[in-house]
Amino acid sequence: MDFDWMKIPYAFLTVFIVVNYGFLMGALIQKIGARAGRRHGIPIWQYYLDVIKNYGLRTSITHGVMFYLGPVFRLSGGVGLLLFMPVIYGSYMFSNFSFAGDLILALYFVFFGTLGMALGAGESGHPHAAIGVTRGLQQVSMAELPFAMAVFSVALQYQTLSITEIVAAQQGGMMNWTLFTNPIAVAAAMLAFLGSMMRPPFDVFIAPQEIPIGPPTEYHSSYLALMQTNRAIFPVAKIVIYMNLFFGGAGSWPELFVKVFFLYLFSAFVGVCFPRFRVEQSIRFFLVWAVPLGVLSIMVV
Amino acid sequence: MTTKPELMKRMVKGPDGLEFEVDPLRDYYCEAPPTVMPGAYIQIVEDFFNWARSKSLWILGFGTGCGAIEMRPLMTPRFDAYRFGVAWRPTPRQANLFIISGYLSTKTLKRAIRAYEQMQNPKYVIGLGSCTINGGMYWDSYNTIKKLDEYLPVDLYIAGCMPRPEALLAGFEEMKKIIRTGKAEGANQYAENFAWYKANQKRVIHDWDMPDYNW
Amino acid sequence: MLDIFPPDRTQYPAKKADGTLDIDLTSGKYLKLWQGPNHPGITGNMSVELTVCGDEVVEGKTHVGYLHRGFEKLMERRTFIQVFPIVCRVCVPEPDFNEYCYAACVEELAGIEVPEMAKWIRAMILEMGRINSYMMYLGGQAGALGQGVIGQWTTYVRDLMLDRFEELTGARIYHMFILPGGVRDTLPDGFAGRMEETLCEVEKTLKDVYDVMFCNAVFKKRTVGMGVIDPSWLEPYGVTGPNARAAGVAKDVRKDSPYLIYDQLDFEPVTGQNSDIYTRADVRRRDVWVSVDLIRQILAKMPKSGAVMAPLPNVLHWQIPRGETYVRGECSRGEYGYYLVTDGSGYPRRINVRGPSYTHAMALLERMIVGCNISDVAALMVSLHTYPPEIER
Amino acid sequence: MRELYARLKALYPLGELTEQRKNLAFVTVPAAHLRDTLLHLRDKEGFTHLVLLTAVDWLEEGQFQLTYLLNNRALACDLGLRVLIQRDTATMESIHDLWPTAATYQRELREMFGIDFPGSPRIEEEFILEGWNSIPPYRRDFDTLKYAQEAYAERPGRVTHDPETHMRLQMYPGQHPAGK
């Protein structure tokens, strides 16, 4: 086994870039959302300040071991997703620890954070957290189903489980993207994408008006800061998967930034102008619309 | 002091058939009193944290009185307090700034104290409106407190009935200055004078059925 | 739509002999959940104690009193003219009705005739307040379902309307403009023109709100058929205002027993049929159109000049002979009324405020909340349009 | 209104009718006949809407006056039923089975005036006040200022310029300022 030790600092560099990009992009999206409400919105560096403030709080209270581990799991879910994925196609520095079967691992990591969160939120003992996390798990499992189907479809289409090879197959012009070669799978996956981005209409598990604010109700100071850091990494990591699988990957950082930004903007656009579904309604939505699309995409391939 | 039935010690049979004793006042709450938390050892680090804290004020979204009506405009296009790093959090755990928006009836005072104690150090309190200062319009009411700083450590008062959103924005700016100079140590003040605050609170709240300190 | 998960209602709590629910919290089937007072989904500072089984509410109890200031006691300690500055504090989002009802009560018992001009100005202020209140409601209703952007737009328009209030009365929230005997002042110069601009802005926003909120598939899915008030509940539970109108009963004090100058205005009460959350929201949205139209009519028809204040007796010695009366008005939430008893002294004997939220948020909500999903509690409560300060005063 | 009163008078021993307005009148009803009168008004006369239920404390006469205000929407008129009960016993029959919403009013009256309505749901629970330890606050002999001064710490230095007192002193120097 020839492990290249030089990959470790490069992987950290990736994480560092992604964290900063995640903070800035999150604030930018927030600002764009605020424009819909005719506001200016938060300053673009606001998320840095929030995180520093939360790390700087003097007290923090624990509710048990899992309460500690919840944010840690969540963060490791985000970081792990990022680390085992080729972020920049064709780049030695930013291919990270991608290997032949990384697609399966990525699917696992997408879910990992939510599970960790469930354990942590359950330990916190707040009824809102428990309700929120059960809703979240139901909805995420439902949203993952079409995504998994779309992934299988793509894996079948390209006859590989390596993300790098999938990206390689999509090179050479926009018409080679999965978006155009397998549109049904992409449609199913994009619906799933909406379902897992914690924005309306699929954000019933953090709904501030019903169960403020769901799983993280009890989390504060450094736990919350950890989760905020993850909030910056995880969406970007997830979007990078989508980008790699369906939108031709990225050959350079600027290309990645632009693609991730537009994908994120897609979910934000939908989120701004929709109220949220109830959890059984969203499950029904996925069952009725997204899952058949996923099945269809597998059958077509 | 009478205890409510759900707070009494009792035997509970769990869904799995096991019987166990529950003493809600001991099991569900923490009785440890608050302690004075010093700032960072190095002054420059503390200054840095204070700067970040002043730039990121998270307000507990608890409208305790009529002042809550002017909170809505603050979040919306005309005033847009988000520009100044002010945000609203629905849970006390994540909030740093508690705005007592107007008069506090004794029933709300009890909830306000609990919400305040659940917030994390350092935490700040702004008293909004004349009624928090000296009773204001309700100076002779039998159900509202007249002087907020007897019960909670207040960093700043915004006078008026009701204060305009501009006054609130100015108040936030003042609050930021106080935090940046490191004078906003309300939580430590509360911990230092804990007995005094508790005695004041208990004099007003007649059915005190919770532990003295419940985080 | 496919009904994949039919709700299972067999495990509902059995009833005890005395009609109360047999809920054993230690059985692990039920969970007690407090919604409020520190909860963003609650309309103001009140709380609902929910007992839930799974996601369904099996029992809900409203708890109020967090905003109690003892107004009715404080008013007994103040002379008739001293009461007038504090009445508006009873209901925060729509204070003008308190001022009007109180003033009308006092005028009736003291036998004061209000000048014609003052009546028109009063009616205009009440309609402006109604628009404000509905704007708060529309934002809240959308916000309770997670559509925050509507709240941004409507609050923006409300701010514009508050500007008009400021111009007219000098205050944003508590205007203290309608006092016994008339109003404080006439309209400022050019007020009608600026009012027209504001009304145009209101209409524009209403159109946007209609497109984004009422035509939205998800909003319809969440609200149509939810939280139905049965028409047979209207009388026993004392339902008034838009809540009753959404059930098809054209209950509108402005039309039923016209006060001020409403008999000279041309309007029809807005009614709906289905009595669910969507209909109630829609009735209120159309009611804003009515209010906009009424303000235009008032500005067009009102006398151009005249006295706005009747001569009062020396207010320091103002004694009103023994008597009692009740004056009502149609506020944005329903019937708002003041019951005033005088005993011949310089102080009111008793003032009772009859707020519409009192019946809506207590008995009616407790009845309606049973069987609804936790996610819908906030939307249901907002849809009744209750303001806690007028429940407990 | 007069005809209605004549019809009612034939059935129940009523007091005098006080016509406040064309469409608002008050009439005194003995406590024992209240329920029948209410039922008659609700079912036969169309007074289906209970507008409010409240009490007035006539301390000097030792009586509570309960006011049941009913509204007939078709005729657009209101009828207030006054029931006088003794102040020291202060018990009244509950009408929560006629109008469920009356239970809320009765809870409030029980707490604020100390009038008992046996059988009304949740009547024993605290409604608005919490841990109240004095006489019911809406009674006339409860002095809210005195209570507030005793119970709550006041900020020193508050000066009350009561306009009434101030003006009295301005206008009639020498006369002792009256007021409560």
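Some notes on this structure:
First chain written, first letter: the chains are A, B, C and D, and each begins at residue 1.
We adopt the following convention: a residue touches a chain if its C-beta (ideal position, glycine included) is under 8 Å from a C-beta of that chain, and two chains touch if they have at least 3 such contacts.
Computed from a predicted model, the values in this text were never measured in an experiment.
Spacing of subunit A relative to subunit D, judged by their CA centroids, is 61 angstrom. Subunit A and subunit C have centres, each the mean of its CA atoms, that are 43 Å apart.
With centres defined as mean CA coordinates, subunit B is found 35 Å away from subunit A.
Once the centre of each chain is set as its mean CA position, subunit C and subunit D turn out to be 23 Å apart.
Touching two or more other chains at once are residues 76-77, 90, 107, 140-144 of subunit B.
In subunit A, the residues that touch at least two other chains are 37-39, 208, 212. Residue numbers of subunit C whose C-beta contacts span two or more other chains: 39-40, 65, 68, 70, 73-74, 77, 151-152, 156.
If the chains shown are joined wherever they touch, the resulting network has some other arrangement, not a path, ring, star or complete graph.
Chain pairs recorded as touching, per the definition above, are A-B, A-C, B-C, B-D, C-D. Against subunit C, the residues of subunit A that register as touching in their complex are 36-39, 127-128, 131, 200-201, 203-204, 207-212, 272-281, 284, 287-288. Interface residues of subunit D facing subunit C in the complex, by the touch rule stated above, are 18, 20-21, 23-24, 26, 48-52, 54-57, 67, 69, 73, 76, 78, 80, 99-101, 103-104, 122, 126-130, 137-138, 140, 142, 144-145, 163-164, 167-168, 171, 180. For subunit C in complex with subunit A, the residues that touch the partner chain are 1-2, 4-5, 31, 33, 39-41, 55, 142-149, 151-153, 156, 212, 216, 218-219, 221-222, 373-378. Of all residues in subunit B, only 106-107, 110, 133-135, 139-147, 150, 200, 203-208 touch subunit D in the complex they form.
Of all residues in subunit D, those touching subunit B in their complex are 128-134, 137, 142, 144-145, 147-148, 151-155, 158, 160.
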